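Please read the structure below before turning to the comments.
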Amino acid sequence: MKVRFTVVLAAVLMAVLLCAGRPAQAEDTIKIGAVLSVTGPAAFLGEPEKNTMLMVQDAVNAAGGVLGKKLEVIVYDDESDVNKAVLSAQKLIKKDKVVAVAGPSTSGNSLGIMKFFEESQVPLVSCAASEKIVNPVGKWVFSVAPLDRHAAGKILADAAKKGLKKLAILSVSDGFGQSGRAVLQELIPAKGFVLAADEVYGPKDTDMTAQLTKIKEAAPDAIIVWGTNPGPAVIARNREQLGITTPLYVCHGVASKKFIELAGSAAEGLMLPAGRLIVADQLPEANPLKKLLLDYTAKYQARYNAPVSTFGGHGWDSVSLIVKAMETAKSAKPEAIRNALEKITGYAGTAGVFTYTPENHNGLSEDAFVMVKVEKGDWRLME
Amino acid sequence: MNISSLLQYLISGLTTGSTYGLAALGFTIIFNSTGIINFAQGEFVMLGGMFSVFFMKWFGLPIAWAVLLAALATMIAGALIERLAIRPVKGASPINLVIVTIGVSIFIRGLAMLVWGKDTYALPAFSGDKPIAVLGAAMMPQSLWVLGVSLAMLAALKAFFSHTIQGKAMLACSFDRKAASLMGIGVERMVLLSFMISALIGAVGGAILAPITLTSFDVGVLLGLKGFAACILGGLGNPFGAALGGLVLGVLESLGAGYLSSAYKDAFAFILLLALLFVRPQGLFGRKSVKRV
Amino acid sequence: MPESTLLRCTGLGVRFGGVQALSQVDFTAEKGRITSIIGPNGAGKTTLLNAISGMGPCDTGTILCLGQDITSAPAHLRAKNGMVRTFQNLEVFSNMSVLENVMTGCHTFVRYSFLDAVFKTPRYFSGERRVREIAEAQLAFVGLSDSAAIPAAELSFGSQRMLELARALAADPWLLILDEPAAGLNMRETKALGDLIVRMNRELGLTIVLVEHDMDLIMRISHRISVLCFGEIIAVGSPGEIQKNPKVITAYLGEDED
Amino acid sequence: MDSFRKNLLGLAALMALLAVAPLLLGNDYYLTVLTLSAINAIIVVGLNLLLGHAGQISLGHGAFYGLAAYTSAILTATLGLPVFLGGLAGVLCAGVVALAIGIPTLKLHGHYLAMATLGFGLIVYIVFNEAVGLTGGPSGFTGIPRLSLAGMELTSDLGYYYLCAGCLGLVILVALNLIDSRTGRALRALHTSEKAAQAVGVDIARYKLAVFVLSALYAGLAGVLYAHYLTFIAPASFGFLYSVELIVMVVLGGMSSIFGSVAGAFFLTALPEFLRAFENIEILLFGAILIVCMIFLPEGLAGGVRAVRARLFRRAKGAGDA
């Protein structure tokens, strides 16, 4: 009886497989792909990125497309899961045969799929911030997000200016926090600070008073929190509850209005390094990015009725850079796009001014960040 | 050892622990009437918090009304789940029912994401944000609300089970479904009722927790997990065990974070839980099941 | 201990919480005999069987089987050494066919290794063939040959009782412990069961310990009877002696008409 | 011996199907789905023995999967051992840990057993995350070498797929042979009644432990295959949700049938690919499909197929009589 069952199973599987193979479409479009964490824990990155990419796609097509052809951005959701990211990357490369890929949103997923791009020789422009993505430099892999090292450096420079010596870190135990924690563990002693405490909290934890109490006992001059919403907001609230007055730095991972909304009054006075996007209106008129940033903000808010975040900006930068590379190369061949990407200099994106070289596939510097402070429920440029 | 730090760890542990305990209470009610672990229990907590936030936002209701309506809405959701997903599979093996509840929890989470988006939301604290100082440690007024409401709910459950006919009938179902149905107790109605009650408990929990823990469409996963652990720790089927199990788990985590390593605090709590199970396979307050042969 | 004593329990005591379920129970089963235990409901009969077979607690006392102390041996070892029991509430393996149920009975003495099974060695095939032969023979003995291939759960209640007997027989026991085998059977089935037990005793030479409520059955087939009341043995003797024993009559008065 | 032949025929049919499946595919991408499905199916076959046949639940098999993957990754990538040795060590590591954890854990029953295995899985998951020096922490472990056999590196995806399918076939054969033996009967016996199993001399503690270790070895094999296929692993792939997903595969496929569970693994691994088109409501549909399957197929896909076949058979017979 198992035989018959197997035959039926065979038939079902076969039917499923046959349904799966759909014909490819006509070739009057240029297809680029995107692997983004639109759902799952990293959705706060992936969703604005996806929205922005589709916005850029429409804008490019409205302006006549690329190289006379229509631009199509195929977005796959990896659900913040590395397995799904691998599947999505394979699908883009093998099934959709895209010429370049933007994303993934998270460092872990980027690291997980990078090698497929080296193998199949398709350029990948990651939206994630880990240094490991571009160091060592892979021939086909680029990134548009400012590095954790840049953010940490910016915080430490500010701490040095204020004469703070003993620093405590409190980081989230996921890929984002781990990456920041590693950089801080390296930079804090290297720049002459003392690491007073090094605590961790879980991505889903809802109370961090235990960690803060422990930090309080170590009596640091400042606390650096490395994580993404909602963790740092909870920490800000717990800090207020415990009456801790030690200055608190948070990282760029919370650079959206949502953080202030969640932390409420506890957010007042907190400092963080952030892309210029969230303080675009406070930039001096002379800043070359100001017009672009305000333009992006206005368009995004009009289309999606939601506040912008710097992460959405990575979506803007990655797709725009790929388009720019195709235009300068006058070709939509993967090889040509890669070579052109590597030659881009002084390109103004939302995260800063991009300059790529064969040795530097990140293209940004510490300058991509400005220090920002929360004042009266809004971001305020510090310098 | 610093006394005020220790006290702070305890307060922090009790606050977190009561969130686990509240989730665990709901597990217990459904376990008692059906013998299954309801993996969608965490979603009830989520629904309670999210409904409260949105009743406040949509209708501009005062917080008390929002919480009340949220509890009501979640109760209806609980009843719908029982009717649409649990009742059609009655008679199936427990593992099938558990898979159904997993399906339900995925479904509810998906629906919540679709309707409310992926953002995190905060609910204002019921009586202000001013911390209360206790011997050098600080406590939020909301923590008192959580502890108080948890105790009140426990007392209400106790009264329900020992003084009302419905409660006694439900208890009868938990001991022997067949006998209960022979005694004229509508077992199906009891199951429905148990889903509604545990949805209510979850929702109230979710609402009073939201000011402390914040809420989003996916908070249910972790609460479900920790609630289940609390249930087992206390001994399945015993509401007091469940509540206490939650508190113990919370305090263990907090002490682990404070005195050992914050990175391994959850591992620490679970290692102790396993060790306890190896010594006392029926949990802290569970009855040893004696099966006649 | 005389040669003829197969099982000897001395001073068995079991406590459940505050209840003394058994106290100072002495019980012996002679080789080749049918020894019955009777007593009112709640007297502790099943508790005694559980203690003997190692499936329930035994707080005090010793259990000797063929002169060996087995008081703390695990249940499966007692079974392996020839002490096999059936259950008051049916415990057939409902996820197997009737034949497979009985084949499981051969577990301890038809052996081949895990690797033999995985690689299907000749040892496996010869072992399986032997198991099947034994199982078929036992099914024939209890009269279930026709049902060999159907799922065990589909058998009638009475047939499931017989199946349990066949499974126990397949385990090649010396001592067969039967816990209320006639419970739930009608008169005709009970009669057939009695005949079967007698045949097992006579033809297969099995020593049998029987717990039963059906007094007609007990009186008809037992060689010796022990009477248990509130956890204590109040009388031991032949069926004739037990029927006349005033203590037993008092214990049963108003409780059990039989 | 009859059932043995049937099993072999069924297995041959399955293997033939797995062999031709890549040739029927529209493009290479689905090969990845097939490979991951086959890897999942290997664990699920082991879990089917554990849950479906011996009746013991484990919500911690993701941990064994991960332990083997990380052991092999660390030995090969960090210490430079040959992949073959690293893989072997990985599988053994899963088995040894299962042995150690199984002895106290398998004394527990039902939900307590579920909790204990779940707790074990969580602890291992936390260690994967926090032992950054060893595992690379949450952002993952990169640079794992591809599998090489006799000095030849297996670079083609098709070759790797056939390797996984071959392993799956082997694992199924072992499972089927095991079920159809005294060991299998002992496992099924202790599933329905531990007392009755003991009464016929089954050492239930030993058999539970044996099947637990065997299923962990299966998970270990899958973990090694997975690590050297993706050449990148991260803790997120080995968490609680993955363990639950495995259980769902077993139940959805059909607890009493090995082939059913394999079908469950392929179905559930491939399902999200077909739901992709629905984007945001994908997860909603996934949940709904689970519920509907359990309502209409209480005995899983295998049970469903059985029921349909029985009905057809009866109808054919009815027509014959008339």
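For this structure, a couple of remarks:
The letters A, B, C and D name the chains in turn, as written, and every chain counts its residues from 1.
Here is the rule we use: a contact is a pair of C-beta atoms (placed from the backbone, for glycine too) under 8 Å apart; a residue touches a chain by one contact, two chains touch by 3 or more.
Keep in mind that this is a model prediction, so the values were computed, not measured.
Of the two chain pairs examined here, A-B and A-D, the one linked by more C-beta pairs in contact is A-D. Comparing chain C-alpha centroids with the centroid of the full set of protein C-alpha atoms picks out D as the closest. Note: centroid distance chain A to chain D, computed from Cα atoms, is 34 Å.
Once the centre of each chain is set as its mean CA position, chain A and chain C turn out to be 71 Å apart.
Separating the centre of chain B from that of chain C, both taken as means of CA atoms, is a distance of 47 Å. Chain contacts: chain D has residues 129-130, 195, 280, 282-283 touching two or more partner chains.
Chain A has residues 39, 173, 200 in contact with two or more other chains. Multi-chain contact residues of chain C (touching two or more other chains) are listed as 55, 87, 91. Chain B meets chain A in the complex at residues 2, 5, 8-9, 11-13, 15-16, 19, 113, 118-122, 129, 131, 133, 138-140, 209, 212-214, 216, 218-219, 221-222, 253-255, 257-258, 261-263, 265-266.
Residues 51, 57, 104-105, 107-109, 111-112, 114-116, 118-120, 122-123, 126-127, 129-130, 195, 240-241, 244, 247-248, 251-252, 255, 280-291, 294-295, 298 of chain D are the ones touching chain B in the complex. Looking at the complex, you find that chain B touches chain D at residues 31, 37, 85, 88-89, 92-93, 95-96, 99-100, 102-111, 113-114, 221, 225, 228-229, 232, 236, 263-264, 266-267, 270-271, 273-274, 277-278, 281-283, 293.
Looking at the complex, you find that chain D touches chain C at residues 1, 4, 174, 177-178, 180-186, 188-189, 191-193, 195-204, 210, 256. By the touch criterion given at the top, residues 6-7, 9-11, 13-14, 17, 21, 24-30, 32-33, 36, 129-130, 132, 137-140, 142, 230-232, 234, 236-237, 257, 259-260, 263, 266, 270, 272-274, 276, 279-280, 282-283, 302, 305-306, 308-309 of chain D touch chain A in their complex.
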